[in-house]
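Read through the structure below, which is laid out as structure tokens, and then see the notes.
Chain naming follows the written order as A, B and C, and within any one chain the residues start at number 1.
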Amino acid sequence: MVMTRRSFCVALVLLCCASAAPAQDRFIVVASTTSTEQSGLFGYLLPIFEKKTGIHVRVVALGTGQALDLARRGDADVAFVHARAAENKFVAECEGVKRFPVMYNDFVLIGPKSDPAKVAGGKDIVAALQKIEAAQAPFVSRGDRSGTHMAELDLWRASGIDLEKAKGPWYRDTGQGMGQALNTAASMNAYLLADRGTWLAFKNRGDLAILVEGDTRLFNQYGVMLVNPDKHPNVKKDLGDAFIDWLISPEGQTAIAGYKIGGEQLFFPNATQPGA
Amino acid sequence: MNAMNMREPLSLLPLRVDNVVFDAGARRILHGVSFDLDAGPRTIIVGPNGAGKSVLLRICHGLLAPTSGRVVWNSPDPPHAPRRQGMVFQRPVMLRRSALANVVYALKCSGVPADVRPYRGLAALARVGLGAYADHPARVLSGGEQQRLALARAWALDPEVLFLDEPTASLDPGATHEIERIVVAMHTAGTKIVMVTHNMGQARRLGDEVLFLHQGRLVERARADVFFKSPRSAEAARFLEGELPW
Amino acid sequence: MNDFGAAVTQAAGLIASGDAQLVDIVLLSLRVSLASVVFASLIGLPAGALVAVARFGGRRPLIVVLNALMGLPSVVVGLVVYLLLSRAGPLGRWGILFTPTAMVIAQTILITPTMAALSRQIVEDGWDEYREQLRSLGARRFGVALTLLWDLRYSLLTIVLAGYGRAASEVGAVMIVGGNIDGVTRVMTTAIALETSKGDLPLALGLGIILLAIVLALNAAASVVRDAARRRYG
């Protein structure tokens, strides 16, 4: 009995040590979005960066709004999101040091192949949204202050539709990440706005397909910012800067362009594009 | 060292039970019972069901507090001193440990030093004939063996007084005989025995004096041979005839 | 039905290939949940036993609160711990947000009330049987609580297993305080949530099957140990 009690205590101590974080001296926490993670980009990109610099990147994937909140609390070193207005505000509030454009992809309107609102094949997203609202066809919204959600709201505004008035049982505000929202749309046979990256990586498509794409208003720009170390002394400035510098360097940009699913490129690097 | 400074601990006895009343809710179980218990004779408490015998025993042992009245020992039990009076219940409750461990546990509760405990425990087990079972899980022993273990547990503390509440009521005649033998041995070794029993044969065999309780009152107290041959009180006579409900 | 079949195939394939990532995730899940159960037991079991045998004012209301806390929603615990450990929070300087340590803290907080509430019930029920004898022997309150805990260890093992089950299956708290970071704080449950949101349902289900198998195996092992001990010690 004494023997087992002693070995039990030893096991306990080992267990406590084992559950401490893995010994990684050089790491940063990057607050990013569900669409970037669920597209698989980080799984492809980060090992390249880590191999080059030895810096381990820990990505916490949330909606853009939540990611920026995380950064405001000082819980992340870098924010990598896709909502330019929110990013600019972040920098203006001195929460972020400077915003750098990194890459873009586009949003696509996903919907059921049966297409009750008859929007398939169109190139005009505003017209499509107006048709969906008129037909009261089921539409799934992210509803989570993410970059995609903010883009969606902008597009409703551009269509001249007052969502508060027009909302009905057809508009399903789910408050979910990109992938979960896609699952929901697939099971409801609903329309939704998704980023192409997540869609290409998504496997549970059900009866859904891309119905509208190519409208310039569907352009989706990604930006990266270092969290202000003056406001949050714990921010790892040097390591964070190294990550940002790499992302916008020719090497990082080439790596981003190299990520493909089924031969199709998901993200298009444009760090050097003026006004991005 | 001046011999005058080394005091022998005072004996617990005589025990004075002074006008003890006990109420269980609205029911009065004991109606002002008074008596003294001296060292020496084996005291048996008998009486019909509901007479309050078990309650009286527990009040003397300290498990229950009287509603009014007092139980006064000759020497007050200081809190840190080993318990010098023990109790054995009708059904022994053993811990899920070995027989020896159970005895050692009791010694530990009494403040006996750790290095001494195993020896005293083994000695107590030997005295009740359970020496070979020291490492057996206590709960695996038979009813009679467990009751012997309970006695060993009490004996290991070298008590001045041992209270027993119908210790053989659940046992067969063979085991009963074993228990009685041990009780007598403990008495011979110097422990005062106070026992409640329903078994008149047992009372006759073991009793030196008898306290007869009836409906919460101490009705008669006499030497055992006198009580069983010619009880003074009418209730005692009817009880011995079997006319009072057991 | 196709999904289920595909899931079983996926699960088998993952196990057979000894996928390194899967092994890491499984080991981390085990470490986090087991550590949480150990800490929660060390705190909760004696606390419950003490409440069972002690007598003090406010005991009844405390028991009601304990029982209610068994239903603590995991997301709420996750949120509270996140606010505590966040850099902007009171314990921010520890810097343990988004680490397995934070996950262990959150899960420990989550299951300690369950351990305490259930051990309180079991010890109180057992106390009825032991009370007279132990008081007669002169055992003291605090010692009695520990004695009963050890004597009732077979019943308490079930509580520990229940606690482990809750820890191993919860996703809300570890998602918030851990961040589901690949290679650092990704456990079985958060991995399943992630694969589900990527639409890879067969893989998610396959991981679920593996998680279930692990929990089953642990319960089976505990059962064997308990039966063997029972036969030896009675």
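One rule holds for everything that comes next: a contact is a pair of C-beta atoms (placed from the backbone, for glycine too) under 8 Å apart; a residue touches a chain by one contact, two chains touch by 3 or more.
Small disclaimer: the values here were computed from a predicted structure and weren't measured.
The greatest centre-to-centre gap from chain C, using C-alpha centroids, is found for B.
Inter-chain contacts peak for the pair A-C, counting C-beta pairs in contact. Put simply, the chain nearest the middle, going by average C-alpha positions, is C. Chain A and chain C have Cα centroids separated by 32 Å.
Chain geometry summary: the mean Cα position of chain B and that of chain C are 47 Å apart. As a whole-number value, the distance joining the C-alpha centres of chain A and chain B reads 78 Å. Residues of chain C touching chain A in their complex: 31-32, 34-35, 38, 86-89, 92, 95-101, 104, 179-184, 194, 196-201. Every residue of chain C that touches chain B in the complex is listed here, in rising order: 129-130, 132-140, 143, 147, 150-151, 153, 232-234.
Residues 58, 61, 63, 83, 86-87, 89, 92-93, 95-98, 105-106, 109-110, 137-140, 153 of chain B touch chain C in their complex.
Put simply, chain A touches chain C in their complex at residues 12, 15-16, 18-22, 24, 29, 34, 37-38, 40, 42-43, 58-61, 72-75, 176-180, 182-183, 186, 201-205, 232, 234.
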